[in-house]
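Just so it is clear, A, B and C label the chains in written order, and each chain counts residues from 1 on its own.
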Amino acid sequence: MAEFWQQVVSGLAAGGVYGALALALVLIHRATGVINFAQGEMATFSTYVLWTLTTNHGLSYWPAFAIMLVVSFAGGVGIHQAVIRPVERGSQVRVVIITIGLLLLLNGLMTWIWSGEVKAVQSPFPGGTFDLGGVAIAYADIGTIAVCLGAVAVLWLFFQFTKVGLALRASAVNPAEARLVGVRVTWMLGLGWGLAATLGAIAGVLTAPSTFLDPNMMQAVLIYAFAAAVLGGIDSPMGAVVGGLLLGVGLNLLGTYASFVGSELRLPAALLVILVVLLLRPAGLFGRQQVKKV
Amino acid sequence: MSRSTLRTLLVFVALTAVVMVLPAFVSDFRAQQLSYVGIYLVALIGLDVLAGYTGQISLGHGAFMAIGGYTTALLMTDHGIKDIATIPAAIVVAGLAGLLFGFPAARLSGLYLALATFGIAVATPALIKRFEGFTGGGTGINLFGRPELTASLTPVRALGVELNFDVWLYYLAWSIALVGYVIAWLLLRGRTGRSLRAVRDSETAAVSSGISLTRAKVLAFGISAAYAGAAGALFAIATTYVNPDTFPVELSIFLLVGVVVGGLGSLTGLVAGAIFIQFMPLWAQSVSKSPGAPAVVYGAVLILVVLALPLGAAGLLARVAELVRRGRDFQKP
Amino acid sequence: MTGLLELRHVEASYGPVQALRGISLSVPEGSVVAVLGANGAGKTTTLRAVSGTVRRSGEVRLDGKPLRGGPESAAKAGIAHVPEGRGTFTDLSVLENLRLGAYTRRDRSVKADVDTMTRYFPWLRERGDQRAGTLSGGEQQMLALARALMGRPRLLMLDEPSLGLAPLIVREIFRIVRELNEKEGLTVLVVEQDARIALNAAASAYVLEVGRVAVSGSSAELRDDEAVRRSYLGY
């Protein structure tokens, strides 16, 4: 039984990371209807920035973390400005192809700058476990869950209670009407990309200690994030987070108790989730049904 | 015959002539590189049918190539079948897989299809490893030196000429590519092509004209998977080795790059796309030693092409041709 | 004397289709002016040309100063454009819609203005947290009006406020518009299909036909001229 709860806790931690990256995907999709295939690579890039700051520039963890967040935000805004804005208004397919191009570009850039060698990234949390009712719970897991939920909470407060947050929400669903009340929608979209990049950076930094850092680190996590976003409803922020947690716990339990799945079939299992949800209930758990019967 | 058909025919004949004669003028190594161009061309034709003509974005085409490649490898090692003979089987198996996948895929649109196929591309190596009893798992299947592999140990005699492996591979790949090109061209200019294009341009309008969306999409998936299967089989024969990493995610993405660079929906540009996929990494490496250089160039080119040249190389050629024609018209008295 | 809003030879196209072929009109400060005409005459496009939603050539001046740029600049300059279909932010709450109306304002009286709005539309207070998309058509129209007023605009532009609404509600909306004009001196430019109700509320009107001004004058003149009524106004 202790094993079960341990898997649940570590599943929640993994799920928190999936949820954070999924939230980034949902933010961008809500605002622009685009799926950003480069979200994972952007997160990995941010993690490399953190690694460089702590390793090559001798900064301690939390100051480096803060700088990395700012750099990530700026990067997200910059990317939107440079390559997304020119094609935003046109066909979604073109924008998606551009994000795929970004995926390649960033991946290659990371290999170029930092080489493909695997690097170790320190964890901000103390190692080891503590005992809670006979269950061994890792500090790292609790820390990860706390950081992810904290980030989500801060974002929620921003959207609900600030003027800019309100304007961003308005731009996402009614861009034309938002312009009429004076909102600079293009800036809002850039802001959305910046926030998404920051969320992704947090996801990347929380993943790196256990998986080690290399250019392909977030490829699998991106698929899990896709699955979480689709499961929760691709336009629902709450769905992304809930979907992530559910997926994290679900995959862990499946891997532990269904020996057929083992650890190698986690990725195909996530893929199966994507396919099943899209085919049976495309709106996911919390999304709204879109009518498009042909 | 219309002018554009005549032009296409002339281009094709010229291309065939060049292809057939080229090996006499280049080194064996270059011939091997060019055979890969032919292999990529086969895959690109298939992907273009799906993405360019039917408008279904697939990021998982490497998976269909893997099916073709593994079919060939297994038939050769487990059943001792000659390499060329395995190709039809690879085409059929991959084509069937494409048809099967087409049914659920038909219900997914645009972005969601891209998402799902991307997931398949990422999951494929994992799936191959998992079923190792069947696929040889992480170690893969080695084809080198097997007698079923034509010309790998001894040269082949054909039409009084001796062909070593590289040249033989070149002719094999390009024969299939040229035949595939013709088949695709014939398919696409008739009713099938019109139905597929209708689906791409407007699903609602297509349905109102009586086109069955599911049938069109399933067909497109089947055809493109068949081509990918052929390409995968050729790939296996060429590299004489398959393992899960022979068909990684990057391959699927590079195929998409090739189709976009060549020009979505235009067969002529695909040759340019295939050349790009094969030779660009080499050029990138000559500029920078880093293994990341090719990916950077791929990504940058993809972004630039979408931003500046929405119709790819074919569009550029078409525009140049248009300008030349207009210049000529102006000079008329 | 020039009006608060002046249009001179304004042209606008949607791609190859030219919607406005040289519109000139004037809206005096503190008055209600109507823009009438059949479907496709260019009424909506005229408002879009003013707010900058559609690209246009020609001169548009607000209070003598030329208007440039897109809808964001027009909003900042004090133009509140309530588009066809109300433009409600359906996923947001009633109160959030109102707050958005005041987006361009930097002063501190926004909350006080919300109270003012509830005086005109008492139900806004009780239904503040309700999702705006669940309101009825008439309520959404009133919410759109309130949202526009939250910006303390110099010019209010209404695009077909009567669209899809029951006559009783339309009368109520125009009554409120008239009251705002008389009590607060609000300048209003209203586009309408229903010429009769528009002429009751407006002091003057322009009748558009195929992108040009066919007839214009005071409401009284237009109403009394039977030929104009029959051929342009449909009654």
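Simple rule for what comes next: contacts are C-beta pairs under 8 Å (C-beta built on N, C-alpha and C of every residue); 3 or more make two chains touch, one makes a residue touch a chain.
In this text, all values refer to a predicted model and were calculated from it rather than measured experimentally.
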Chain contact graph, described as a line, ring, star, complete graph or other shape
line
Most widely separated chain from chain A, with each centre as the mean of CA atoms:
C
Of all the chains, which has the CA centre nearest the overall CA centre?
A
Centroid from C-alpha atoms only, then distance chain B to chain C, rounded to Å. What do you get?
56
If you average the CA atoms of chain A and of chain C, how many Å lie between those two points?
43
Rounded Å distance, chain A centre to chain B centre (Cα mean)
33
What residues in chain C touch two or more of the other chains?
none
Which stretch or stretches of chain B touch chain A in the complex?
55, 57, 59, 104, 107-112, 114-116, 118-120, 122-123, 126-127, 129-130, 203-204, 207, 213, 249-250, 253, 256-257, 260, 288, 290-303, 306-307, 310
Complex contacts: residues of chain A adjacent to chain C:
163, 166-167, 169-170, 173-174, 176-185
So in the complex, which bits of chain A are touching chain B?
33-35, 37, 83, 86-87, 92-94, 96-98, 100-113, 115-116, 215, 219-220, 223, 226-227, 230, 262, 264-265, 267-268, 270-271, 274-275, 278-279, 282, 292, 294
Looking at the complex, which residues from chain C come into contact with chain A?
51, 53, 70-72, 75-76, 81, 83, 87-92, 96, 99-101, 103-104, 147, 151
